[in-house]
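Below you'll find a set of structures to go through.
Note that chain A is present in both complexes that follow, paired respectively with chain B and with chain C.
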Partner chain A sequence: MEIAISTKNLTKYYGKNRGVIDLTFQVYKGEVFGFLGPNGAGKTTTTRLLLDFMHPSSGSAEIFSLDSHQKSTQIKEFIGYLPGELHLYDSMTGNDFLAFMASFRKGVDWTFVFNLASRLKADLKIQIRKLSHGNKQKIGLITAFMHKPKILILDEPTMGLDPLMQQEFYKLVNEVCDQGTTFFVSSHNLPEVERICDRVGIIREGRLVVVEDIANLRKRALRPLEVHFAKPIESKDFEKIAGVKDISIQNSILRCTVVGSLDSFIKQLAKYEVVNLISAEPNLEEIFLAFYKQEEKV
Partner chain B sequence: MILKQKAPSQLRPFWSMAYFSLRAMLRNRATFAFGFLFPVAFIAVFGLIGGGGLTISIGIPDSEQQGPIYEALKQIKAVKLEPGTESSLRQKVSQGSIAAVLLQEEETSVPTLFISAASPQTAAAAQSLVSGIVDKLNLAQSGIIDPPLKLKVEEISGRAFRYIDFALPGIIGFALLGTAINGTAFGLIFLKKTLVLKRIFATPTKGLTILLGQGGARMIVALAQAAVILAIGVLAFDFQIVHGWLTLTEVFALTALGLVAFLGFGLIIAGIATDENTVAPLTSLIVLPQFLIGGTFFPIDSLPTWIQPLANVLPLSFFNTAVRKVTIEGVSPDQILPQLVGLAVWGIIAYLVAARTFRWE
Partner chain C sequence: MGNIVLHQLKTQRKSLFFWSLGIVVLVALYILIYPSIQESSAALNAYLENLPDAIKAFVGDVSSYTTPVGYITSELFVFMMPLLLIIFTTGFGSGAIAGEEEKGTLDLLLTNPIERSQVVKEKFIAMIILASLLTAVASLALIIGSALADMGLETQKIVAMVLSVDLLAIAFGSIALFLGALTGNRGVSLGITAALAIGSFFLNALSPLVDFLKDYQKFSPFYHYIGENPLEVGLKIDHVLILGGIAFVFLILSLIAFEKRDLKI
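Let's look at the complex of A and B:
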């Protein structure tokens, strides 16, 4: 698989303060890579290093095999960027602002831009200062997508968008991704990351804790289950099954969480008369939070 | 995937930056006021006060405005005859607002000239004028038609220098320094503060391109200011440009050079200032002394001697002197070499300091 973004021992110190330490990871072409971590973990620092807004203290980053610092001008031709703290020219209209941003680069396809605007229901004729936060965000998104970049670096992309627009945005990400575009999405929003990302990297205290497929994480996800039996049962019948945790029994109702595959658990259930089985989507949030909080245990 | 290894052309972002920066400047009221409105007002004021030359006001009471002395004085261009009552005229003399009062109740009585101690130079001129007339009348009354000693007066043709000829180059300097320093410092601080700069840096645009674009826009404004000031000066106030188009070209070239040097100071301020509030005092610190003692509105020669050596080496002084030399004296470019070197040295110092202090964030 072709590598779109690659960092090698990427390190940034602000004086003596930690920015990020020793980041080494790859993002493959055409994937949606989620970059997760609590506030101050180093997400923004990483983004800024990739975009050459500042230089690494040591280590390096490459984008399509071009050094992010030495070749930054070339790289920016095919990068689209949505900053977390979005600032636009308040006195301009959306149209003016897009024309302003487009004038700094080539390859802006205006048919595509207007199409995007109508999909996201962005009003480009209104002065930006009169727009709500979510509507400003739409203009920020269009600016990031407008030149059909090969790599999109997005910081909290759906912040302020209403649920309908979020769905439209997810659809857009899927479509653009299918055309081979690579996404690097830094986010707090765990359901969103679950929804759109192929892989995630979790950063904590400036260090990369894990880089993992969403599918693999899901295998490790905790699935809460509730089983209603026809007759009261005993907990020891389920305690020995691998991956089954937190068992509690109230008469004929069993509550537990299952990690990974349900297969052995279901086979055990089959030995009893089951009245009802209530399950929920495995929740990655707890896994993420577990990674976030690991420091105490380390 | 094969990606272009060549760095993308900076021409497009340069024009964008220049265009949007120019647009922003033209929409800014301060740019318009300091760059165009004030200079035009200055020209109007200096052009009008420069017109009169020396006038000597001599008061003659209303009742006594007759007789040969009065008639002779009326013929002299430089003399302004002030009407009024005797007491009001005497008061004006003691204040120095008129040079003298001439009293002669009847044609036969002895004329008396009261001269003003408050305005000694014009008083002396008034005295010699009136005594000249009286001498002439005495000669005529004595019957001497052909006096033995006669003064022969010949006029040598030449240009009458007026205050506008001195002031106009200074006005160009005033507008130029304002545009270069205020404009740049505020423009860049605004870009930094609004964080739109970050959006531009996410495009294939180099930092240097942004600075060049900003500089390019200021160049256009500075040349336009010089053009407007010169046009009004030449058309409305007959400002002298010795060699016509050649002189104009020289002034524009000097304006361009001056702008490049002064932009460096704007960059220094944009580098050390944290926001608009710190920009204002810093620009005043650099700009105001140069307006006052840089030969902008008053000649450096008229300043106290101890300050003149300092005043002479200010960046704006070099510019003002160079422009005056080409407009008033019509000298060739090699004769303003000291000023050109002076400007260049200031420019180099400014950019060296700016390179150390300027930060994009």
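Let's look at the complex of A and C:
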């Protein structure tokens, strides 16, 4: 498989402070690679190293075999980028801004651009300063996609988008990916990564903890659940079910964490009258701990 | 090529309009006052002669204050014009890189397939164009004003004077550009450049009076701007080369500083 992004012992320190340490990973052409970690873990540092906004303290990164620092201008010909903290020229309209950005590139297809805008329901005629955060984000996304880049580096792409637009964005990623485009998506949002990514690298405190297929990650996923029953229940009814842990019961409310498949848990639930089922977003920190425990065992 | 220059000119067009308006009003005001100055020239001359030397230094050549050349030099070019234009170029220069970096817009700009040096060069060119447009407005206002008020200023000398102030402002703008490119901090760049401008203004004004400063007057860009008054003697090539040289050196330093640095988040 052709390698789109490859880093080798990529390290960045800010003075004495850690940015990222010893990152070595590959992203294959045509895959959606998720870069998952809590805020401050080094995701943004990594994307900014790839874009040559900062230079590595040691190690290197290559994009389609071109050194990210030496050949950055050449690389940017085929990169689309959405920064985590998006700032546009406030006094311009969306149209003016896109035209300005397009003026640096050859052959931007405006039919495609306007199609993107209408899919994302972006208003390009309004001055950018008057747009909400989510609507600015749409213009950022169009900017990243508009020249049909070979690689898209997106830092927290759905931040501020409403759920409908998030779905539209996921669809867009699928379509563009089918055409052979590679994605590097940094996110602290596990469900999002699960939804769109093929593989995921998990970063914690500047170090890459693991690179996994999404399918394997799902097997280890921890889901905090809360079930409201019609009648009080007892904990022994759930203790013996595979993958269920951290059980606590308050009258008719059960709280627990389910590891991996939900199947046997759901089948047990079916024996009772369930009033409500609440699934919280899995805590990233818990997933990391799960990985660490496994590594220790090995 | 040139996209960023065009972008700058477009985004600055409103501010450019108001700056031009301000300059025209300023020139017009001083020209309107001139006839009354001339009427009371005898009294004024006597008064000026008795001023302490330190004050005289900031008026310019007091012996010629009531002549058109002396009046325009003292009122407009010793202080006001350079002040206004340096504020303009220093504001632009410090914001060129550091301002965009602080606002966060530099990220998207540099996502495009352009060298960092391209951004610096185009911003520099935009600064020259904008400052030159403002000084062109000033010279037009002076040429027309001088004709209407019958002051008899030579067009060529007006152009020389205005070019000189243009060069001075561009020199300080380049210093601001460099400090912004080096530090990524607009405030630091503005502050240091303003301090340098004020320092070199006083160095030039006071060095003829203060013994230990005498040998250092030539280190002040203000000396090369107006030490030999272009409104009287025209532009001298050595002064032009020095002011242009300062701008060029700081452009090169800006390119080097910005190329090596990590961008701030």
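Everything that follows uses one rule, which is that the second predicted complex is superposed on the first by the 221 of 298 C-alpha atoms of A that agree within 3 Å, B and C clash if a C-alpha of one lies under 4 Å from a C-alpha of the other, contacts with A are read in each partner's own complex, and residues count from 1 in each chain.
As a working rule, contacts are C-beta pairs under 8 Å (C-beta built on N, C-alpha and C of every residue); 3 or more make two chains touch, one makes a residue touch a chain.
Please read all numbers here as calculations on a predicted model, not as lab measurements.
Superposition note: with chain A as the common reference, chain B and chain C are in steric clash. By the touch criterion stated above, A:47 is placed in contact with neither chain B nor chain C. In the overlay built on the shared chain, the residue A:79 is in contact with chain B and with chain C.
When the two complexes are overlaid on their common chain A, residue A:66 makes contact with chain B while staying clear of chain C. Shared-chain residue A:88: touches chain B and chain C both. When the shared chain is aligned, chain B comes close enough to touch A:2, but chain C does not.
Contact with both chain B and chain C is seen for A:143 once the two complexes are overlaid on the shared chain. By the touch criterion stated above, A:103 is placed in contact with chain B and with chain C alike. Counting contacts by the rule stated earlier, residues 51, 53, 73-74, 76-77, 79, 81, 83, 85, 87-89, 100-101, 103-105, 143 of chain A appear in both its interface with chain B and its interface with chain C. On the chain C side of its complex with chain A, the touching residues are 3, 7, 11, 103-105, 107-108, 110-115, 260, 262-263, 265. Only residues 44, 48, 51, 53-55, 73-74, 76-77, 79-81, 83, 85-89, 91-92, 100-101, 103-105, 140, 143 of chain A touch chain C when the two sit together in their complex.
Contact residues on chain B toward chain A in their complex (touch as defined above): 1, 3-8, 10, 12-13, 15-17, 19-20, 194-196, 198-206, 361.
On the side of chain A, the complex with chain B involves touching residues 2, 29, 51, 53, 64-66, 71, 73-74, 76-79, 81, 83, 85, 87-89, 100-101, 103-106, 143.
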